[in-house]
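First, the structure itself, so that you have it in front of you.
Each chain carries a letter (A, B, C and D) given by its place in the written order, and its residues are counted from 1.
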């Protein structure tokens, strides 16, 4: 970083990019980025150009000396990078639509990062990220790989266990989002609130909430038990929690936990939506088209406010804070997906966990929290087993491992249907699953 | 045991008793039982007399000098006992019918030892067993408590964590049954087969199968993958396993695993049966009535062959083998529910596990198997978390803990319905749930 | 802390106090201390007055509005405190002289915090600290207890396992000292150096050394292997490390490790010194007398430079940084003695460890480092076993536990001599060991 | 084992062999050995012939149809073996004399299996055993490798971590010996006594002693605390235990623990013996010469009683019982060195431990004991760290690892002297340490 920071964003043509660019511009003083490389693939060329040109106009308007490069040549971009962020969507929204619709056809929850849908998103994504990991080890061995691509838990698991490049972090905006929301609900500035997060990506619990260093967990549980004040996220059916259940859990669940504690209710809702054809992917597709129409407008040189409806609130903050804390050796606490190292005693030491970390120049290091409360440890352990088998299936292309991952996933309700669904999804997504090779035609 | 062995059987009026008595008679040479005390409660007086008189006729016919005592006074019976077996059913079959039917009403699996039904059977049973544990510590501190009452996993967990009496073992006939069945399928004598069992009660896996000390796991998985040859148990819907799933699992599941790997299929089947009114409990009720009619026949002095259809195959062998191995310091391997002590690395050291043990005069001690395969560890860990919370709810009578146990059980599909179902079941079973006291009327 | 910070220093008459006061004055802007209470016991009244008056003159000269209170009434001082630091020496230097001399008489190393001497210092100190812990829980339940009294590892172990007050940290100046020294040897500013410390108090290793986030461990091991550049501390015989041993260890030992890796060499040296009568305690006693003579000088209103020769370099920084980071919610990394919580996988989860922590308003939380290298784990585990038994002996006053702790300490070379030495030391120190009561006269 | 059992004994020319042969003859009915191959190396040809011919005469006289083969061709012998026992002494007694004498020269304990001597015996032995492990995997993949060669703990560690052949057990006669001795002291038949052993080879503790299944630990500790009745072994200086120390330990130490709890006392004794020149190895050398003179006598056809003075009491029982229990699928409990697998929670899961195992056709499987008592865990963990580093040094021939192993051994008292001693011992033993190659001349 002698001559200024070089950041590479893979999947640079994403609709989220303007938010990231805005974050970098705002932080230019503390984080002087010299080069931002937006990388995409041939199929994304048009989007890359639209977004990339908006990014250039934003930088120019802000008057910061940051070069924005657009390219389809990933290796060229990676050469000498300091930070590489990944936010691509293998198979685009078209694939996500299948991930959401096919399980429902078999009577199971269809979702982007959970259940059968999450498994397939993982299997499409992980091989690409392992390639990037290998290229980084060759072309920018000191750079940090900061992954946003979902399912971030499974992906980080795979990168830690099978990747060539050890400097890996998985990032999700859920923890920062929760902190923001809780601060608002408590009516205090966000800096005064610290949540002791622990678990896995999209399976993370707030074990304690501190206001100025003192626990206000009981107060927050009261809020969470109140249907009118419960925290929710736009992209999850906002079904209210059973108040007494939240009290009995004794910790703060995340919105994705609804898939596991309200499986039946969500499934019912999805079966209805399925008939009317409005899965989340299709809503997002519509939103994205509108966004790209806005981005094309040559007079636009700031992030359009409509982007905020897209759902990735604070995504830019999560990314920029992490990069800045590493660059500035800041030593603050962020909730990240890293190697466990014993920080959560009831999970494997070598596995990825999502947990509070202190972030310095040496990267993020997890804070030890001991054992998870018994009320939540079982579910977290079950999902970790699934993620481990899913990562192995993704890497090896083993049909057996894929079937195993599918069947042991708690949202999949039958070994027989698991096989039928697996076969159909392998067929539908085969273009993005080269690792499964021959097997696909066999079945 | 100076003057011969004294065995006390609590729930002595059970229809299973003749099998146990037959087992003791057969083994009289190695296991000279001087006194067998059959204990029951007032409501079971008639059954106790019928069964007890049959037992006396059996002993007389066999010509062994074993005294059979019938009593409703438990403390008197316990005094000076060497072994105490428990096989009572708190709330009788009437309660089981509710355990099976009420969950179905809410769209969930109704079953005796799993899901909401298992939780309630546990909450009714555990306080009674803790009383027995306390009395034993006072009246027969050197005796072994050998528990057969289901859910044996949850009950053993509670006895180990909250009981006064440390000499506790939980027993199930499933492992011995599986060994018998596999030997038959392999066409060899049962003595040549050793299965390396590990997990929890009704959640146990065969990690390896040895024939004369050499692994034949692959062959057994072939058999298990073959719908025509799959092992099943009479009291579980005999739905065949998906062959490729069994191969991918890589270990031998038990029949109860169907509730977790075929949840949807079994639920569908139960919803149908629910309409026609033939739950398993009702079938059993009919069988029991027929059995007691037979037992009344004063000319009967052997175990009637019809008992075998009842479903507890080898139950007597499991009980008698355990008692005999302790008494004779035999040092053979049996699969039992005991304190983990690190034998299964991924489960809490203080929890009950079902695992191969070596049985000597010092009681059963678990053989260390290291980590469970990742394919199964997550589910086992989840059920263990449930059992721990369920045991705590049973002991404390905490409404919150009961709701938590209910909601985190993987067969319960909604926190909201969990509360509704909990409230209804608490009401229905209130007679047998004194520990919940006041709370019941509050809701 | 509404009305400004209240700090209580127990053992306030210590010669170190002026350094602490200087640290507080320097940091007044970030750490506005309203009241500093210096507490001592009757025997220390004179020293307390001398040191306290110097402190008052220092504060006045600096012109900060900090009140300095001197008192022998501990409970009055504790009432409403925010931070309590403990630096008293139970039995004073007179007792330390015995701790150092008696073991040598039996052919073993005599030292303040290691071996038999460390055990006795612990047994004298721990009961007093447990009393303070109890009083704090009553009089200032939100305050942090920051212990400097040695042996800080054993003391923190006892406070965590047996104390009433959970907010406890043990502090030593060795880690900050090492960081300063290494920075100097590397020729860089100290802020750029981060050492990944892990182990126990006075048994801590630098697992890695980062300069601007990149490892320079190899370079540091080169320095450590170089007899001319080896880090040492004034109060330990500066015997050089065998260069190839340091390379083979692969991590940075601390000066106290010489007692374990050079036992024979140090013993030889001590046996000589013993004859000439110059133990460390006696040197210190002389230094202290000179210091107090200086302190008495009414014209002195700053910390005299001679204090630096006393050996507690950076002790004030260690204390003030910790207090300031908690007060200011700073989130920086400090090396502290806290509950392990799984941060070091091969040590008990409930035990005290010395490890890098992130310090916020919520106090210090340890960073997970996984397993210790096999080259050092065994020794660390052995000392931890000793500390656990020693803590138990200190609390219970059990002669058997004291003998066990003595004998399993690796610097004690014979069970038979252990008993003789124990008996003699129990007799010599009996005034400060009320917990051993009757037993002393029995033997 | 279709056509009868084939046993191969490597180091067949050992003076112990007649005891093993006697054991096999006595057990012929239960353990029908068809072929016994005694293998040795060129240097041992004469001894092999003497012992082998005695073995043949013993078999003939006993009238059992067991073929005894003598050979120097190890591969030929291994082909198709069922059990391979190893009892060779790499470098013979000549090397042992150096292992005992050289450390004393540097002021440290010189001993065959502990300290510097144990390290060198391990480094000479392990490469040979790894070769055997490789050959077995090729020539008799189903056979069990039963190692008696000391230091059996370090050797088993190396075979488990670095060997090709997984079916490995380490055996020592100390546990069976202790059981025999305790039975005698208690005045009961040995079959009634069960000792719960746990730890490492020559570092094993009796955690409990059961007589007919009931603990008699307190009574045994009384005996152990009584100098007149203490258990000792012929080859360890019979220094009595400090009675109160034994009580405080709360478990039964083994004779080798004297090296660690009486280091100073033993060293003193050795320094004296050193002057008079009577190390244990020299005593043994004399005994062996006398034995071989007896063995040569053609009229001798039984094990001569003088062998019993040699020190390997019950060695034959330990070996034959293990082989017989595997062969007969007996399922009895024996104390063996096997992979931990979590049986002792505070030791690494992959390391060798010495613990009670149940022995069936599938080989020995360890019984889980949970955590070691804190009184002993630290020392056991320290020795395990040493063994792991020592095994790595033995396999890699790394000078650094050898120096590390030497220095962290608790019987070695100085890093500087450790290097001097290492260099001298590497030179003296270089003929048997080919793995260290070039390095030797460098230093």
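Note that contacts are C-beta pairs under 8 Å (C-beta built on N, C-alpha and C of every residue); 3 or more make two chains touch, one makes a residue touch a chain.
Computed from a predicted structure; not experimentally measured.
Enquirer: Going only through chains that touch each other, what is the minimum step count from chain A to chain D?
Expert: 2
Enquirer: Would you mind pulling out the distance in Å between where the CA atoms of chain A average out and where those of chain C do?
Expert: So the centroids are 45 Å from each other.
Enquirer: On a C-alpha centroid basis, what's the spacing between chain B and chain C, in Å?
Expert: Centre-to-centre distance between chain B and chain C: 55 Å.
Enquirer: Residues of chain A that contact two or more other chains, please.
Expert: Where chain A is concerned, no single residue meets two or more other chains.
Enquirer: Specify the contact topology among the chains shown, as one of line, ring, star, complete or other.
Expert: Ring.
Enquirer: Let me make sure I understand the interfaces: which chain pairs count as touching?
Expert: A-B, A-C, B-D, C-D
Enquirer: Hey, which residues of chain C end up touching chain A in the complex?
Expert: 142, 194, 210, 212-214, 326, 329, 331-333, 340-345, 349, 358, 360-363, 365-371
Enquirer: Name, in rising order, each residue of chain B that touches chain A in their complex.
Expert: 107-108, 241-242, 244-245, 247-249, 261-265, 267, 346, 374-379, 381-386, 388-389, 399-401, 403-404, 407-408, 410, 413-419
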